[in-house]
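One chain, chain A, appears in both complexes that follow, with chain B as partner in the first and chain C in the second.
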Partner chain A sequence: MTNNPIRKERFVKWVLVVFALSSLLFLFLIFMFIFFEGLPLFHKVGLKNIILGFKWAPTKGFFGIFPMIVSSFLVTFGALVIGAPMGLSCAIYLSEYSGKKMKMFLKPALELLAGIPSVVYGFLGVVYIVPIVRDHIGGSGFSLLATSIILGIMILPTIISISFDSIMSVPKTYREGSLAMGATKWQTIYKVILPAARSGILASFILGMGRAIGETMAVIMIAGNALKIPSSILDPLRTLTGNIALELAYATGDHRLGLFSTGVVLLVIIMILNYIANFGIKRRT
Partner chain B sequence: MVGKIGIILVALATLVISCSSKPQDRAKNNKQTITIAGSTSVMPFTEKLAEHFMIDNRKFVIDVQGGGSTAGIQACVNNTVNIGMSSRELKEEEKMLNTITICYDGITIVVHPKNPLKALTLQQVSRIFSGEIRDWKQLGWINRKIDAVTREEGSGTRSSFEELVMKGNEIDDGIMVQDSNGSVKEVVATDPYAIGYISLGLVDQRVKPLTIDGVVPSIRNIKTGRYKIVRPFLYVTNGELDEAGKKFINFVLSRDGQNILKKEGLVGFYD
Partner chain C sequence: MRINPRFTNKLVHIGLNLQAFFTVGILVIIVAIICFKGFPYVNFEFIFAYPQDMGRIGGIFPSIAGTIFLVLLSILLATPLGVGTAIFLTEYTKESVFTKIIRFGVESLAGIPSILYGLFGFIFFVIKLKMGWSLLAGVLTITIMILPTIIRTSEEAIKAVPRNLRIVSYSLSATKWETVTKVVLPSAIPGILTGIMLSVGRAVGETAAVIFTMGSSLRLPTSLFDSGRTMAVHFYILAREGISMEKAYGTALVLVVSILLINILAYYLMNKAISRYS
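Up next, the complex of A and B:
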């Protein structure tokens, strides 16, 4: 208790530093926890047998997660195929074409889209997308295609907001210069603005990938979770996250460790993606 | 500023202390707690039994948790729970526990009601799930891939199915996996080309149970031993139970307890 303003300032700063560092601490603890639980199995079974193994039967001693790594990348790629063109178009429209009123309407709508819980997306997928795929395209409906569609929608807000920011940060003089040279609006966007905002747009795709690869609830509900690498877009598949969530409830012993190893692989993949995305954003500025 | 934070800290501390003192209050009221954990297949029935038991015996609190058969058995070995629930037989290394069979549950092979198929042999079911039979045409229906659904690795229902139906054959990698009886049923109820397996107690008009080797899955056929895909629901204990635990088990095995299980579609020891 003091009225000395300088000490008070210091005190506030100190409290803020503690809270700020706490998030770092949590990250550190999560890393420690996952690696400590997951690494012993790598030691026991061998890195190659886990990462490149084709057979997952943890109660019988097989811990191969290669099909799941492939499947995770497949759904992520599928989500990008669907989400990237839509997201980028939306960002271009928002930044270059839309009036103030439209923007006032679209932006909150997008924020709402980002706030919808993933279980709701999963539920919609099971009730609508899966039967549509089954009845009109084929297969059981629980498939790479259905999962890609849902994930494509889920990553839209990430792609839109980051591409929008990077397009908006292209200096006004670029636009004016291009238009003054007689280029049309679309030529300006296509030839000047998008190349200038390229690294930010790429970063938005990579962060979108990070979101898609980490998504769990919606994926278990619609992916079908079969262990094989899908041979067509109508085949079911199991992702790394899905594997953990699906089997955690019953897992004990080595089986549980196997799930933590899955977590380690997932964490490494997400770290690499985030690193690439940050690298892309930094190079711009 | 500092004063305010101090007050908040003191308030938090009191909260923590008051929380931690709660179990002692419970003990003062002389309530005895029985903890039960394990199979999620057995859990809903145990909860129902516990509810009824606690109405008549207000001195006892029964705490029922899930976690799966394997986890329940493990917890019982470690003495972290009084009773473990299992929906599969014990493995060799778990045999030091006492087992009490509380009832039997049939595993039914189910298809969509639109499916004209009525019966399969055990052999055919095993070949569907091992990936040898992939098309409904091979079973005399339309030319369409079979959407088979199984349970995830570690599930008690899956390990009973592997033991009773697959008999050593492996379930194919390309088959869909769902993580509960409920989601398997949901897939089968919505996909006309699906086939899956669930507890007899959960079968309703949304799915169609198949006759296996000429025997209809029914409580009577399970009781007479004609229907073969049957697994026990077990309670396991490590050594002697305390008074409360014994009383609960006696209730479960009594006519009242068994009637509750029978109402839920399980097969008990009385008629």
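Up next, the complex of A and C:
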């Protein structure tokens, strides 16, 4: 077989097609098994009682995850409030202000932030951020505020690298045109470059949201995991991801199915966010 | 009152400078805390001894070995799959609906958070395929999780190889496969290695997807069907259950330093890859 180059080419091509299809197969399996386990409960208990239900007591037949959906969005929003302005200003600094040497040092240094594991962020949050919140602001410290701070730091690398790319892809002529009209550097950035890079910057925020809403280990260590909608930023809360991670190890029967239903809701939210973000990135290029 | 635009310009410049250094400062502080707090507890014994009493005494050797087994086996599976997919996408097809669908699949896999990989690995490998909490279930789950990174970086690396090299190879009557293996891949290797190193870094630090598939047994896994724990899982359990702060800081130091070294190596390779063709 190997003696015939045409046959060998055909063989290689088929093997590569199978490899390429494997990603699709994995995606299909992930969706199938999470939905397969998660959907029956929606049928049994009712979509409304799960998504809009307030009470989570899976051993007694209550599977309401509404407070967790709200909490997931709250921490995500909190992370964005902290991470988006910091990330965007870093991206502007890197692309417009820093010298070449500075860029060579800063960009990898910031991307290393992404490599630090989420358990380490969670641990540092428990040891440093939680006591600061407890002693200086109030509450138990395990709170929406502490979680938002840590998640805000964790999504920085995503926001910085994607906004940076989209700012860099604004044509040089835009800058030169604006500066030639007598605009200052900041006027050029604010009125010309940022509007031109808008869709990529928005995409970076949405991808950051996707990262924050999917984050698990750091969140369960800092959030306090209480089963209600927080009424202030100092209240503890439990997210969708936290619910799965806290109970999966010992859950059986309907309880386990309830965790898969939580997974279904999370998966749908993530897919919608990713779809919107990809749309933004594609429009840019 | 109208603020002088030159004044605003200066102010923004200073503000952005401070902001950038504040952000880098966070990274420096995180690494510094881990290093200073962990340093006193890390020694030869800590790395090579077995833990006793749930990890209160002794070292973390089984979790280091568990991490290495998990990561090496996952890379061994994911690299051929990922690089093969990248070769297919760049060399063997034109842009079409088919490649768009595959790219969509890869993008979607990349966006799925690790807890959902854990959930999937748990129900599919651990329960349905009856592997139990085992090294094998962990390896298969992590393989799927790191695949998108390897595919994307390999694709970029292969695309960056100049067209001329391929044309010369074809003109010497090489077949497509010969061109790929003898011309394109050798040139793309630094870029491909970058993707592999980044994946290693991600797998080493992963917790949510590992804890529900590989389990958290403190024993050294000696077969594919043994449960075991990685450094990240060991650290999580030490810290969350308040077993030992000293050992937790020590484990964090070994974990963070190994990830930073891996990532720095990845950036070094990336720079090498970029400087090659520009």
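Going forward, the second predicted complex is superposed on the first by the 269 of 285 C-alpha atoms of A that agree within 3 Å, B and C clash if a C-alpha of one lies under 4 Å from a C-alpha of the other, contacts with A are read in each partner's own complex, and residues count from 1 in each chain.
To be clear about the criterion, contacts are C-beta pairs under 8 Å (C-beta built on N, C-alpha and C of every residue); 3 or more make two chains touch, one makes a residue touch a chain.
Since the model is a prediction, treat every value here as computed from it, not as a measurement.
Residue contacts after overlaying the shared chain place A:L24 against chain C, while chain B stays out of touching range. Looking at the shared chain after the overlay, A:N225 reaches chain B, while chain C stays out of its contact range.
Looking at the shared chain after the overlay, A:A251 reaches chain B, while chain C stays out of its contact range. Contacts of A:K191 after superposition: neither chain B nor chain C is touched. When the two structures are aligned on the shared chain, A:V12 is found in touch with chain B and with chain C.
Using the contact criterion defined above for the overlaid structures, shared-chain residue A:W56 touches chain B, although it does not reach chain C. With both structures placed on the common chain, the touch criterion links A:K44 to neither chain B nor chain C.
After superposition on the shared chain, chain A has more residues touched by C, the comparison being chain B against chain C.
Within chain A, the residues touched by chain B in the first complex and by chain C in the second are 8, 12, 15, 126, 245, 249.
Listing the residues of chain B that touch chain A in their complex gives 1-3, 5, 40, 66-71, 74, 145, 147, 152-156, 159, 170, 172-179, 186-187, 190-191, 193-194. Chain contact summary for the complex, chain A toward chain C: residues 5, 8-9, 12-13, 15-17, 19-24, 26-27, 29-30, 33-34, 37, 86, 89-90, 92-94, 97-98, 106, 108-113, 115-124, 126, 128, 153, 156, 160, 183-187, 189, 210-211, 213-217, 221, 241, 244-245, 248-249, 259-260, 263, 266-267, 270-271, 273-274, 278. Within the complex formed with chain A, the residues of chain C that make contact are 5-6, 8-9, 12-13, 15-17, 19-20, 22-24, 26-27, 30, 33-34, 80-81, 84-85, 87-89, 92, 101-102, 105-109, 111-120, 122-124, 128, 144, 147-148, 151, 175-177, 201-202, 204-208, 211-212, 232, 235-236, 239-240, 248, 252, 255-256, 259-260, 262-264, 267. Those residues of chain A that touch chain B in the shared complex are 1-2, 8, 11-12, 15, 55-59, 67, 126, 130-131, 134, 139-142, 220, 224-228, 235-236, 238, 245-247, 249-252, 255.
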